[in-house]
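Here you go, one structure.
Letters A, B, C and D mark the chains as written, and numbering starts fresh at 1 in each.
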Amino acid sequence: MGEHKRIGILTSGGDCAGLNAVIRAVVHHAVGNYNWDVLGIRNATLGLMQRPPQVMHLTPENTDGLLTMGGTILGTTNRGNPFAFPMPDGTERDRSNEIARGYHQLKLDALIGIGGDGSLAILRRLAQEGGINLIGIPKTIDNDVGATECSIGFDTAVNIATEALDRLHFTAASHSRVMILEVMGRDAGHIALNAGIAGGAHVILIPEISYKIANVCRKIRQRQDRGQNFSIVIVSEAVCTESGELVTKMEQFGESRLGGVGQYLAEQISHHSDAETRVTVLGHIQRGGISSPLDRLLASSFGVAAVDAISEGRYDRMVAWQNRQIVEVPIAEAIANYRAVNPQDTLVKTARGLGICLGD
Amino acid sequence: MGEHKRIGILTSGGDCAGLNAVIRAVVHHAVGNYNWDVLGIRNATLGLMQRPPQVMHLTPENTDGLLTMGGTILGTTNRGNPFAFPMPDGTERDRSNEIARGYHQLKLDALIGIGGDGSLAILRRLAQEGGINLIGIPKTIDNDVGATECSIGFDTAVNIATEALDRLHFTAASHSRVMILEVMGRDAGHIALNAGIAGGAHVILIPEISYKIANVCRKIRQRQDRGQNFSIVIVSEAVCTESGELVTKMEQFGESRLGGVGQYLAEQISHHSDAETRVTVLGHIQRGGISSPLDRLLASSFGVAAVDAISEGRYDRMVAWQNRQIVEVPIAEAIANYRAVNPQDTLVKTARGLGICLGD
Amino acid sequence: MGEHKRIGILTSGGDCAGLNAVIRAVVHHAVGNYNWDVLGIRNATLGLMQRPPQVMHLTPENTDGLLTMGGTILGTTNRGNPFAFPMPDGTERDRSNEIARGYHQLKLDALIGIGGDGSLAILRRLAQEGGINLIGIPKTIDNDVGATECSIGFDTAVNIATEALDRLHFTAASHSRVMILEVMGRDAGHIALNAGIAGGAHVILIPEISYKIANVCRKIRQRQDRGQNFSIVIVSEAVCTESGELVTKMEQFGESRLGGVGQYLAEQISHHSDAETRVTVLGHIQRGGISSPLDRLLASSFGVAAVDAISEGRYDRMVAWQNRQIVEVPIAEAIANYRAVNPQDTLVKTARGLGICLGD
Amino acid sequence: MGEHKRIGILTSGGDCAGLNAVIRAVVHHAVGNYNWDVLGIRNATLGLMQRPPQVMHLTPENTDGLLTMGGTILGTTNRGNPFAFPMPDGTERDRSNEIARGYHQLKLDALIGIGGDGSLAILRRLAQEGGINLIGIPKTIDNDVGATECSIGFDTAVNIATEALDRLHFTAASHSRVMILEVMGRDAGHIALNAGIAGGAHVILIPEISYKIANVCRKIRQRQDRGQNFSIVIVSEAVCTESGELVTKMEQFGESRLGGVGQYLAEQISHHSDAETRVTVLGHIQRGGISSPLDRLLASSFGVAAVDAISEGRYDRMVAWQNRQIVEVPIAEAIANYRAVNPQDTLVKTARGLGICLGD
């Protein structure tokens, strides 16, 4: 069973479904089977900067109810980049240094960091500069982390967005409207593409494929011509115009503009057609509540595998999911292979096969 | 089994869950048991204004799959007030007259009109002026029709709003945020009140109870003081300030303002406290998809009872739901007893008992 | 705010959705608003028989997460009838006496008892004989408690049974089968009747209406004749034959028989027709997991109202739900008006209107 | 766009979620993009044996609503093995011959066969002997088809079984019981293993891992010793005893025995421990209703890819899902690599890491 260890775990970046299930799995395996100590670090790396470091002792008892629960009992923050902000107490000390100091002060043998693309890159740099034994676990509703089929949180987000489309279908048809659903995915359109196919959308716009508004309006008109007097459009929170510009809420819209990309698109469609449009912004709801069964499986498997990697002394690695099996990859490899939607992906072909307009 | 009849049915106003289940029940009873003819009138009263009137023959076969389906296969419109708009063909003929003419041209013996408070009032006036034998069925996600415990669509809407709160809880707690959910209900706060209690909200703001922002912020602070670093706020799309003014998207906000009441409140909270806020506007999703079992029961019972009323020659009445039984009431009585949230209602007391802040 | 009190709460009989939400509401109101002490008694009346009585101190903190959670954190038992069993320690002392002694030993001012028809009758007798200030709260998935439109747990059970029917429809149609779903309800057929209508069943058999197998088979055959090669049957766990005998699993079936009423009916149908049948017994799943929003509302309102009754010194009463408002009724009245399905009930008429076969 | 084709599609074996979504995708791509004819063959191969063959013309219009719908509009049968039964008309003609004849009589250029392991093997033999251009699509809730990460129907089945476990947790804990859930999977335990992990089971028994009842009872007792007075057990409909015998309902239990493996296990547990047990048999409910988003994606992608394979003249192949991409494999390869649970699979390790008892 190997030597006794003391490990930490933190959750970083936006919350999503499955984080708590990872925590539970890590604790059940590390404490229940290996008899190690597990410290939960509060609010991502912020907890390691504070003095004393802010932690909670995790036990099978206080984590047993976490399997289905969304969010993270450890707390998280989007402002955790230690290379970009001052210390929590306002001083100008080197935050990255302080994080490593917190880790060593806690006498940790290893750290499990759950994060997306950006968080994993930061954690890796911290680990390398500060002598931290790091294992990464990929989470992001956007599913853009490389080297893994899925990250935690994606399946639940797709389920919620699909369910929203299922609901909008009926009201769209009843009122002869074009319903636009704006979902998350600033850099990668996986949620929109997956939910759009699963939810029977007629138009899917994502940042990876530049769109012409004329194509969108033609699709809507074609449907009208066949007596289908409504259309469902799903759109990522960033889209790409035919000139190759990325349009998002913050970069393009003046203060006087209402809303984000969904609203922008509604105005374009109204301008170029006689369709009546309505916009729904799914927002924070897609971060989940009860985790989907697949996210629970993924999270449980990641948690157990991360502990196994530590028990065998393998660090600087990320656990990944491929074909319903766990593999380990170097964190560097995962980061280097950021995954946007590729025009050759199966789902892009599936969308085209179904007659869905992708805007191009 | 009485004499043969020919009846029409139309759905009016915003769509909601359960409309199709009413249509199915009417047809199953009227055709299956009484052997009558049932015509479905398209797009509310618009279908009666067109020449020839726009209808579809309804049969048990073409309505059998409608039990669970949201929306309405007949179509509907929010622009159906014949006393306020020109004819569909642009002419200035008296629309109310044309509607009655359409009814008589179709040789209908009776008309089942499914609508909310406003629609039922209009339909009744049309019926009285035009010699239409009308039976009303109450539908509205706002549940503000008088004389009935529930209208069709309300239960499904509350379920969806509650589910959204369930999801927001986790992300609110993970990020130490105040999450604001804006739901429908311009004149009556039933959705917010019901979903707020069912979904564990800490603050519920509705148009019937005027709020002070200081009370809202005090509640948020009290929770923070007890270590509960997040709060859930649910708010109707209209709220009432302490000076008694009704604040809604259209009436109060200049064009340069982002969003509706949710956004307005977020700005107020940010101004009066240090809480980080996020707004979600539930929008059209709450009109439903799959109907809740209760809405299916209600809709099926209303449909059967409406046919029975016609078979016995009782008109100018609305079927209503009281204590899981159907009763009939004069439409005039239902309209006269518009039901907003009453401060003496059980649910208001329940909310206060649970320690929920209602803003007053 | 009145004088300080010390109250107990217990859950009795089979578990269901909403019990925990009552506990939460009682504690939030009694502790949060009145500053009373609330003791949770373990395992129904068994906790009061043990020495010392088995209780847990309930606080807003340890009950805050209970709103959505099914079951009861206090535990319950179906073997709690103190007039029928020996003491937990095996002695023959008078259990009813010991329960009252436990209550007084705990120095309770009042007891909130959550139970069904049977439990409330027992609790009332205990209260009267032992000087216990009792407030009753009705719970039962069977919805057979009188004087209240709904008891806690019923709405969730109907939702689950309806969802099961929704699922069985597709597999029935694909395989041209008669699918039989057996649901709970030994004495009252409310679950079968409500879920059967909401879930589009073609046959509903309940203990209150005696059935002829010939009628059931005729309905199946009529559907086949119209090209509808499948049927959905929902049946209570007890049914009544045309001779007026009640058939249930325990009373009628020898040991060599497989299963309960569902299986019995499948054999009858196979014997009298050429239909291929399959049986599903829903079982404990219908006791719920996540409570439905309506059960949460009901539970929260009951909990708050029970505390208010105690604060004003009204005892021997049950809180009830009528038209979405709370009323109080004497427990005796609720017990005396046990509510089975009445042939004049709206839902019976609705079922007949929809062409559903009720077996008679 | 290539030459015009006329293709058939059939669904074979037990129904599941996603079949209709495949049909829709095939038609949208083949008719909508390639302008081919698509014939839906009724009741698996039975439709090809009848004279004239029983088919329905499929169009984008009559398949558009199929995306979310469970089951199959084409019908299916479990008695479709042409090598084992007489002809539908009772004669002894060679059924396999007649199937090929039906195919050629319809002048089909290719046939898309959706089936599990067994159906695909039969279809392949028919294709080779009868000159049928076959493309296979894997479907089975058991997920035991080789060479594909998932088959259609599996994800929905796991979701439903997981949801059932979520519900049983509460009632188990409230009543201090051992709840046993029996799920499908006669030859492969994937549903039990996946749902068991996702649903927080404490014991998972599957046919691939032989169990000792002593181990199961020890796990239950260990939990009791820690104050966790309930346990959740999930079990496949076939299990393997320590002597290596497979125990299923039909092979092992005499007529006097109640029920299947779940009941068998309940009796064993009661015999070897003092735990109170309850059994739930999930049955046909797990075949699904509304398909999960993942099953809709899978089905849509399979349908489009099958049409593409035909358009490029590739036959005798099965489309498969690997890492969220479509690949094509020889049907022979898929059949040869029947996939049971392998003790080295990630999920077996995950289960052990979580402390779940697998019986060994």
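Following the convention adopted for this analysis, a contact is a pair of C-beta atoms (placed from the backbone, for glycine too) under 8 Å apart; a residue touches a chain by one contact, two chains touch by 3 or more.
In UniProt terms the chains read A, B, C, D = ATP-dependent 6-phosphofructokinase.
On a predicted model such as this, the values are computed, not experimentally measured, just so you know.
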Whole-Å separation of chain centres (CA-atom averages), chain A against chain C: 41
Rounded to a whole Å, what is the gap between the Cα centroids of chain B and chain C? 30
Where the centres are mean C-alpha positions, what is the separation of chain C from chain D, in Å? 35
List, in ascending order, every residue of chain B touching at least 2 other chains. 166, 290
Classify the inter-chain contact topology: is it line, ring, star, complete, or other? ring
Listing every touching pair of chains gives A-B, A-D, B-C, C-D
Quick one: which bits of chain B touch chain A in the complex? Just the residue numbers, please. 11, 14-15, 19, 69-72, 75-78, 160, 163-164, 166-171, 173-176, 179, 255-256, 258-259, 278-281, 283-285, 287-290
Report the residues of chain A in contact with chain D in the complex, numbered from low to high. 25, 28-29, 32-33, 60, 67-68, 149-150, 155, 158-159, 162, 166, 194-195, 197-200, 292-294, 296-297, 300-301, 303-305, 307-308, 322-326, 345-347, 349-350, 353-355
